[in-house]
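Submitted below is the structure of interest, expressed as structure tokens.
Chain IDs A, B, C and D follow the sequence of writing; residue 1 opens each chain.
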Amino acid sequence: MEVALVGITGYAGMVLYQLLQNHPNVTKIHIYDHNLNEPTELNTILPIFHDDHTEVLPYEDSDIVNDNQVAFFATPAGVTSKIASDYIEANFPVIDLSGDMRLNQSDYEHWYHKPAASQRDLDQAQYGLAEFELASGHSYIANPGCYATATLLGLAPLIQQHLIELNSIIVDAKSGTSGAGKALSPLTHFTQVNDNLQIYKPNTHQHIPEIVNELQSWDINVSAIQFMTTLIPITRGIMATIYAKAKPGVDGIMIDKAFSQTYNDKPFVHFLGEALPDIKQVVGTNNCDIGAIYNPATNTVTIDSVIDNLLKGAAGQAIQNFNQLFDYPESSGLNLQTFLP
Amino acid sequence: MEVALVGITGYAGMVLYQLLQNHPNVTKIHIYDHNLNEPTELNTILPIFHDDHTEVLPYEDSDIVNDNQVAFFATPAGVTSKIASDYIEANFPVIDLSGDMRLNQSDYEHWYHKPAASQRDLDQAQYGLAEFELASGHSYIANPGCYATATLLGLAPLIQQHLIELNSIIVDAKSGTSGAGKALSPLTHFTQVNDNLQIYKPNTHQHIPEIVNELQSWDINVSAIQFMTTLIPITRGIMATIYAKAKPGVDGIMIDKAFSQTYNDKPFVHFLGEALPDIKQVVGTNNCDIGAIYNPATNTVTIDSVIDNLLKGAAGQAIQNFNQLFDYPESSGLNLQTFLP
Amino acid sequence: MEVALVGITGYAGMVLYQLLQNHPNVTKIHIYDHNLNEPTELNTILPIFHDDHTEVLPYEDSDIVNDNQVAFFATPAGVTSKIASDYIEANFPVIDLSGDMRLNQSDYEHWYHKPAASQRDLDQAQYGLAEFELASGHSYIANPGCYATATLLGLAPLIQQHLIELNSIIVDAKSGTSGAGKALSPLTHFTQVNDNLQIYKPNTHQHIPEIVNELQSWDINVSAIQFMTTLIPITRGIMATIYAKAKPGVDGIMIDKAFSQTYNDKPFVHFLGEALPDIKQVVGTNNCDIGAIYNPATNTVTIDSVIDNLLKGAAGQAIQNFNQLFDYPESSGLNLQTFLP
Amino acid sequence: MEVALVGITGYAGMVLYQLLQNHPNVTKIHIYDHNLNEPTELNTILPIFHDDHTEVLPYEDSDIVNDNQVAFFATPAGVTSKIASDYIEANFPVIDLSGDMRLNQSDYEHWYHKPAASQRDLDQAQYGLAEFELASGHSYIANPGCYATATLLGLAPLIQQHLIELNSIIVDAKSGTSGAGKALSPLTHFTQVNDNLQIYKPNTHQHIPEIVNELQSWDINVSAIQFMTTLIPITRGIMATIYAKAKPGVDGIMIDKAFSQTYNDKPFVHFLGEALPDIKQVVGTNNCDIGAIYNPATNTVTIDSVIDNLLKGAAGQAIQNFNQLFDYPESSGLNLQTFLP
């Protein structure tokens, strides 16, 4: 299969390109870029790929739909909102790693501060949390955000099985700097990040509405979650530490059982019981490792959910969605190993 | 004044020694060590002090009470529990940085897994959270733990003024590795800490009962708090991110006012309103910087309280207690500057 | 092919196990450990491999020679010196990642401070710098050290083509902490490594004689090199910065040509001209990237040679030697991608 | 004494401000900025100084010469080259932390790629390497660069006493990111610096001519040095590792004696013999710690010279020069302690 990759200069695009190169069903990768005027060799644009002379093509002059069977977009916010309709109307399969097609119009404009796609197009996009949303029925997949993935997988059994008080959910999420992307900013200057922790976007992170939407699809009574993001001095990885009050009658055994049942047949989600995972054990893989501890003294369950933000939180999950869309085995191209030590 | 410093090889002891050297009322520092058999020059024990030939004396052979006017203990858990009574009976002033004299007998044995001091001695020790407990009345000061200090200062206005639901308190505390001390451990091996986050001692950290005790002294209805600790890849600093539900009728303005009033006249605690502090802005100082944001969507207040764990969380607060004990100005020896950049 | 892996708890052993799992010609991996008394599941020994129930076997009770076609040793110094003769006498192929069989007796005892193997056995071992020593003729391969690999690949064209003054070679080598292994030590305590640089083993690093030996095989006139090692606050990677005076008549163009010719047909060594590589561009791969700049003002050539110490500097090069030994394609099992970003 | 500080937003300016606040002879600090149009409170410009309401004044409208007795310039390259003449003509004492007045015209324009000050003004400026150049005779002090300070103090005894072959000097210098300043750049983006080493400005660093000039003042036969700079993932500190061939007849004892004699009476330079210093032992202080090892096998002496780049390499040395200029005790305002641990 020939695939289109639109946008490779960002971190998610680079990692997605590496995954696609190893996917057994991908025969050719056409790379496109919105900022090019003429075809340019990849190693000119990104010297790190020094042996790779693949031509990157200008997006504007290309016929992606005719030259490929699927398109991956690894573009920044504000790009696919303008062009998604071309693919939706053509009924052409797309896996969109950006946040543009995950929310409804008013939420998008409120949280992203940009013009949204048309509501008609947004209705056609399917949110692609791979463990819970089968990609087969729709062709435009809105690949989830990194924080949203870690948080939703950590909350799913609790919400779906109605084990926690819905108004008690607190998510204290920590991320490495690769989640903030390649753009220079004082927030991600080495001297500022090193030896430091910084809370950013308090109560305003754009993944909040995406999380709430998906939770509501599991339990309509969810109304809001408390969600804070802290930048930590590492490159790769997210830890979402989630706290919630157990409902009356719920205890640690029931919580344990709910996670075990939910993720029993999910190859990329590992429930570890009370062994709370660290970040490094998933970096380099498409795994989400989850631990849970119930504290009877406070009637609180603590969930520790960790992912590699660029894999399970971006490019890896995109491959999962790709596999679902084309009925490939779920782990095709995703037999990755933890980056040890 | 001549002062005794017992224990200098740990991080808190080294930093306390540096502070004492700069204190205007300290004329001589006698250093003692439990592991020495004969007097030994400091720079032999700790080459980092390469110009300092001060003799460190064996604890056992010394007459601390007669040779000094006050003693600081920067010893590990399990040391002062055995010897505190010598000083209490002599009515000799002590500032004890260890956790040995902060809890009652049963709590100590439960959380520290060591034999406790006698309850009579424990009753004589005063918990020394410097902003709220005046050191004048007692002479054996149990200097607070680092996590406890950041958490208690972040919660004090909310508890004292009854602004939050007591059963809703969640503390997600993050610490650099200096808090784990100098002892080698897989947890603090560079290869394990770097590029990683690790939750440790979930629901079992020994600072939990210390925090609950002090909260109960402010509001007897406090029963338990949810408190988790995460090790982050930095050396110095703690961030305690605290979440709680506001009581009915409480809003952001009331919370802001409570913090402003409480800390208005406290030179080391800075309330910054909604500007949530990062860790670096306090490292090198005795400050506790605090920000607070109320989120109406979840009725939750988030407190961000940061300290330098070795200063405000250990040696710096010990100097504050020393100043109180001897009626020196509160900032004597503590005019420290943020370690920039 | 069924292969033996002796020693998996160290970093090189873990990474080698990951590589062997992906090698197309390896059908089964038998793992052995000297410290076991009975078969034990891998995930009990190393929880990071949480899905892997492979039985690790006690070394003593096993018949490695009959159950396998080759053995990899990822054991610490002092192990294979005692047992190499068993394999040499059986003419059984071994790839030994330890330093035990790289030197002659007197050098080994001088630099490793341990008893050496017999000189007869040492004579049978072949030094396995994969780009220059074909593994076909011998069956006991002494896989090179990490510093030695980066240094030798950086010096090879200059020495082999007699372009530099032999007594002018200075190697300033920097390594991440994974090179120092898993054993706890004050040198690798996070608090000591973070925000720091430490020179260690000045003029006494055990890779020095290994480097000199190999250089002498290229030019018998080499007598000694100046070689210093600095520990840097990263986990993976080595940079060897090498300085030498050019011989009369040698200039930058000749140096460039020597590197280009030497490595033209070597898939894992990339000569980048004056573009000096950083460490991250090779981490995760078996590559050695090399840049060279000639400075006419000082008549000095500076070589910047970078590798991933656990791959090209250990487990990756072991796979290269394995491929040579069994006539597999050179890159089998080594199509690795840079760990981006 | 009232002092002017021109430029406070850079790292050196911030640190210099902190030092001046603690200097016993400074009664008032007037702060000036070239980018202001009207007086602005310091904590508005730099929120880190949250309690400090000092008015920062526009440079253009101010009468620095009349309102102060000395001026410190902590401005970027290209500023004082344009205005130094104002102060030189007024015979007003200046301590200039920028590189503008350290070189002659042609060197400045070659290495800085900017227009130089007039040669007449440059002739009036005195290079202020505090241990060797007494500031008393001149009033315009060109405070040395950070790399230059570490390198020159490491080489001084060897050059002044003619112990090494002049054409054999190699300097492999490593610096944390604070040396690269506050300006955002891909080189100092956290994701790029973390887990990485990067050589930058090979053979082109602007401190090279400054070092050579000063070496020539000690031995006119010095012609060039090989000098390379590597960016390391730390914030504060420089390590200059220096290699040179000993002259015939020179051995380790003579080298040791030369360093001991030279620095015997210099309070900020500590010669440690063969104990090679790490970076952390000087961070937070104005010290330069130096170790030296002679290797008879290669006839090479290795010098390890470490400083805090913002203190001894910038603001601290500026205070040393200030003390010399006004005959204050050498350590006034510089009784700093190592930032432990």
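Keep in mind that, in the parts below, a contact is a pair of C-beta atoms (placed from the backbone, for glycine too) under 8 Å apart; a residue touches a chain by one contact, two chains touch by 3 or more.
Quick caveat: nothing in here was measured; it's all calculated off a predicted structure.
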Handout entry: Of A-C and A-B, pair with higher C-beta contact tally
Key = A-B
Exercise for the section: Just grab the chain with the largest centre-to-centre distance to chain B, centres being mean Cα coordinates. Expected result: C
Handout entry: Between chain C and chain B, distance of the C-alpha-averaged centres to the nearest whole Å
Key = 46
Problem - Approximate Å spacing (C-alpha centroids) for the pair chain A, chain B - result: 40
Problem - Where chain A and chain C are represented by their mean Cα positions, the distance between them in whole Å - result: 37
Fill in the blank from the handout: Each of the following residues of chain B touches two or more other chains, namely 11, 178, 182, 191-192, 194-195, 233-235, 341
Completion exercise
Residue positions on chain B within touch of chain D in the complex are 11, 14-15, 18, 21-22, 47-48, 50-51, 178, 182, 194-195, 235, 270, 272, 275, 281, 284, 310, 337-341
Handout entry: chain A-facing residues of chain B, complex
Key = 167-168, 170, 172, 174, 176, 191-192, 194-199, 202-203, 224-226, 228, 230, 232-237, 239, 241, 243, 274, 276, 278-280, 283, 293, 295, 297-300, 302, 304, 306, 341
Handout entry: Residue ranges of chain D in contact with chain A within the complex
Key = 11, 177-178, 182, 184-186, 188-195, 233-235
